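Several structures are given next for inspection.
Below, chain A partners chain B and then partners chain C, in two separate complexes.
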Partner chain A sequence: MGQVTNRTGRGTAPPRFSLEAFLTWLRRHPEFGAFAGTVVVFIGFSITATRFLTPDSFAGILTVAAELGIVAAGITFLMISGEFDLSVGSVLGVAAMIFALTVKAGWPVLGSWAVALLASAGIGLINGLIVTKTGIPSFITTLGAMMFWRGILLAVTKGFPIQFFPRTLPPMFFALNGRFVGQFRTSALWFLGIILLINLILVRTRYGNAVYATGGNRDAARVLGVATNKVKLINFVISATLAGLAGCIQFARFLSIDPTRGVGLELEAIAAAVIGGTLLTGGAGNLVGTLFGVLLVGMVRSGLVQSGAPAYWYQAFVGLIVVVAVIVNTRLRRWALG
Partner chain B sequence: MRSLRNLLLAALVVLGLSTVILAEEYTFYVVSHGGPGDPFWGVVMKGMQDAAAMITNGTEDTVNAIYLGPAVYSLTELVNMLNSAIAARPDGIVATITDPAALDEPLRRAIDLGIPVIAINVPDPRPAGERIPYLFYVGGDEYLSGRKAAERMLAVRTPTRAVVFIHEVGHHGLELRAQGFMEVMADAGVPADKLAIGTDPTQAVEIIRGYFSANPDTDAVFTLGPIGTLPTVTFLREQGLVGKVMLGCFDLDEVTLNAIKEGIAMFTVTQQQYLQGYLPIQWLYLYNKYGFLPANDILTGPGFVDASNIGLVEQLIIQGYW
Partner chain C sequence: MSDQPLVQMVKISKSFGTVQALKDVDFDVRHQEVMGLVGDNGAGKSTLIKILTGVYPPDSGEIYFEGKKVKISSPKDARDLGIETVYQDLALIPLMSISRNFFLGREPVKQVGPIRLLDKRKMDETVQEVLAEIGIRVRSPDEEVAILSGGERQSVAIGRAVYFGAKLLILDEPTSALSIRETHKVLDYILEAKERGLSIVFITHNIYHVYSVADRFTILEHGRKVAEFAKADVSAEEIIEIIRSGHKAATEGEERGPSG
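Right after this comes the complex of A and B.
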């Protein structure tokens, strides 16, 4: 899984082992820490949980990772360009609500879905405009947006869940989050597709370079002719749209949305990105790291239960992983830089 | 003629004045740990509003009932809201005693200030001398609810292994439901676990899958509310475990209702929470106005909804009473 190209597009595996080559490789791969962590935790649970190494168990991990990962993919992209989005949990809820309400009202499913995604994109656009036009830090802007949209969600639903019980499940729901083989769900395909697409944009396109430049050194980026505000604006829209997509995917399976849906998700998504080596300050990170970050989170969720540990431990465990991962990532980076 | 008119006018003025003097305005606060986002509390709010409207429309008095509850479960937020309610010096406070230690000080302060307090939904579990001296409690008995749920399952058959899914760890009421259930199961020789599943349905399903994979002999499940019932029903349906696993639920929403109709769930425990919003407002009014008090706590649950009464309940749900 380490055989990925970095953003310069060069091959990555060292041809022969030498410390110097390894250090160069490591420097270009902030996701290595998350990969190593995933392997360690994986081996740990393989020993402690007897049924951990089964297709069902993998499918479970992937299902948790998928919804979180779709959100985290957008967050990673945005964080690399130097901004935060704390509103993704609320956007997930709002998008699912719009999807639910319109489908329930008899709209064609595809239309409902498009409207839900457009609304999410709109929220992202507003976030982006506020940040880029007023210069208010995105942490504050999106904290406000998180509260505002959660409030709207509560006000519109009056606290009741919106539930939809169709006679036959629309095919679009299957496409969004159906079970296609064993316990594997289509949400995982969306997730992998999105990770692949965004990583391609990030490492293979000029826009990807602009994203890194915007988060790394804004002044230098501007001198080089990168429209940093435009980059940020686009990334805010992407982040919110993906959160909205995750909301639609979740609704397609459970056919029910309660107004607290997605609470706390933003922090889990940021945690996954950070575990994956994305810098809080921007300029560094990639989607492969986030992929391992969310897999790690998903694994801890089901691995702990299967090992018979009280599920109360989950949060404590994720907390530990975040801190350890960041320490390891920072050390590795410093060490690799010599 | 003229004197008669004056007399009539005077009588009217006196009558009008007396109405003004007699007509009182009361403000009551309901401070709850349950956010307006929880469907359960939506029904309590309706009960509260209906009681206030009934008094306001049916008497010369006016009752304002205000609901406060944190959107996401937070004890700090609950205490803050309680403090702002006390600061408003209302004519009565209705509170859920979710955490007796944290609520002890503010509620005692309110009572010392002469504000009548009624506990709803979750009582103070301490003995009479130590508990917060509220007037009385209106609500279900959580522990008894858990016990009765287990007894109802055991009356059908003795399961091999039972588990309680708890979605809000540390919530005193939920923990009591779980305890009552697990004790009765343990007494019947059934191993019983408690599993924390959280509030995100996707993650909850995978936690449940993890539990079933580690304990495949599980054949009795008790959920503690709609947030836990949704992933459980989804899991049982997706895994084809319907009919193999006895499912007892708590509270009612559309998902639980359909689960009972489809035979996925055996029953759901309810505490008729409409009454927990309605009765305290009525009693606070009666207490303020006439000094009336009931002799005891008022138990609104455990009540059961199953295949036998689901039809009637379904009608009432549409109207927001369940």
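Right after this comes the complex of A and C.
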């Protein structure tokens, strides 16, 4: 560190290509690793799975990636501010259940949807208040929340799924997760819109700067005047609300929901964020990385099946990718910092 | 120089539970001077500064800034008054870019439709200029602070205070983790900030570092002010002796030195 070789003259460096310039660029773009991984896996499956390169196959990948990605977007935002949320899978289940029960009871769909999102936001607020007021690590707080809300879900439904098969599907269901071109679903549009919006907030607004600072060094951020607790609280609410949205979107696809919906999703979302270069300790990452992380996970899921591998291999494969991705990201970073 | 001090802290007391951290401490900083705040570990230096910067409320006592009585209840209040603090380990956030750090909490924005976006261009240009003035060379203001050395980080933090028009700059152990060469750079930069009209409080253990740049010294011990000197009236060795030997030497010192 502090090597003279890192520095070129004062002022902006002339735009020329060199290894040094590339390293500088790499250091500022942790999402590159996930992008490269996505390309490699994409090429791999294009060879091993004959039907991989078809519109239907892409649509299948996007459908999986979108629902996971909406959750992972919120998780990434929260992780950058230095906190975890392990309860997103349970929140997804609770939101889907509230949505299903109220729609079945004849509520207007928009109203049901709003209530499901509000309930999710409420759970996020409780998580955030517990973490910021008591100082208990969010890992513990949201582990408790994960078990608590899953338990409530199981108790209320007595373990039975809830189904909703109306004669005509309400337009809101189409908006949430209908097919709009071939097998492509509107959930992909929600996903891309949310990724873009959150990334814009993160990278180009004052609030985004406060989020990075809060996760990067909370004490330093605080003495520099950042309201770190407020940032965390808001991000807990955003993370939970997006999990709730994903729950509603998933219900609109299956038209049925069982109380184990979303089990294990929190870890998959964290995995996607980490593959995308988000630091587990906070302070660094972005949504572009998460986008590729989620696409990678989605591709692995459908690509393995299409390649004829039993679906059981999926988890093992994703596990492998997470560890490799973090090793590569860390090495790259250290190497680039010189 | 106006005869009224820039900051005056009067009879400040603070205790944490049963521990009396400060007892009736008077402390003042004049316009455009470097005040060395020295004392052994646990003397109350940090507590006094944290009261001045709004981190802790005092139990009793008053603070005057530019002659007006003020209540400073948060770091932001202090900043709004023009009091900037550079903490040893908390000056900058290593994972963030230099320009994001520089403007943290005070980012320039431009209105784009319904939202206000960071004015990245202005941020980068400003930081580029400030870095050039300090003499730090980096490829881009978008580089992470992690690539800067300890001295460069201190200098950037001081440059930030100057840029945002600070009137009082508080430096908490700015040189304690630096190499000799870097220490000299930072000390020079402190004098430059003074030339520009700032007042500086320099908190340190290292009497030799502060002695070379300070105009006056305040010595704390066990939460009390034991002496205050103008530089002309005391040598670095004498200050060290007072801190080392405690109150007795200090009383002698007070008889000699001009008391605040």
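Everything that follows uses one rule, which is that the second predicted complex is superposed on the first by the 323 of 338 C-alpha atoms of A that agree within 3 Å, B and C clash if a C-alpha of one lies under 4 Å from a C-alpha of the other, contacts with A are read in each partner's own complex, and residues count from 1 in each chain.
Following the convention adopted for this analysis, a residue touches a chain if its C-beta (ideal position, glycine included) is under 8 Å from a C-beta of that chain, and two chains touch if they have at least 3 such contacts.
What you see is a predicted model, and the numbers here were worked out from it, not measured in a lab.
In the superposed model, A:302 lies in contact with chain B only, and not with chain C. When the two structures are aligned on the shared chain, A:168 is found in touch with neither chain B nor chain C. After overlaying the two complexes on the shared chain, residue contacts for A:158 are found with chain B alone; chain C is out of touch. By the touch criterion defined above, A:134 reaches neither chain B nor chain C. Once the two complexes are laid over each other on the shared chain, residue contacts for A:256 go to chain B alone; chain C is not touched.
Ranking chain B and chain C by residues of chain A touched puts B first. Taken together, the chain A residues at the contact with chain C in this complex read 1-2, 6-13, 20-21, 24, 27-28, 200, 204-206, 208-210, 212-213, 216-217, 219-226, 279, 283-284, 337. Within the complex formed with chain A, the chain C residues making contact are 53, 55, 74-76, 79, 85, 87, 89-97, 100, 103-105, 107, 109, 115-118, 120, 128, 131-132, 137-140, 142-144, 146-149, 152.
Against chain B, the residues of chain A that register as touching in their complex are 49-51, 54, 56-57, 60-61, 63-64, 67, 150-151, 153-154, 157-161, 163, 165, 179, 183, 250, 253-254, 256, 258-265, 298, 301-308, 310-312, 314. Those residues of chain B whose C-beta lies close enough to touch chain A in the complex are 35-39, 41-42, 45, 71-72, 169, 195-203, 205-207, 209-211, 213-214, 226-227, 230-231, 234, 238, 253-255, 258.
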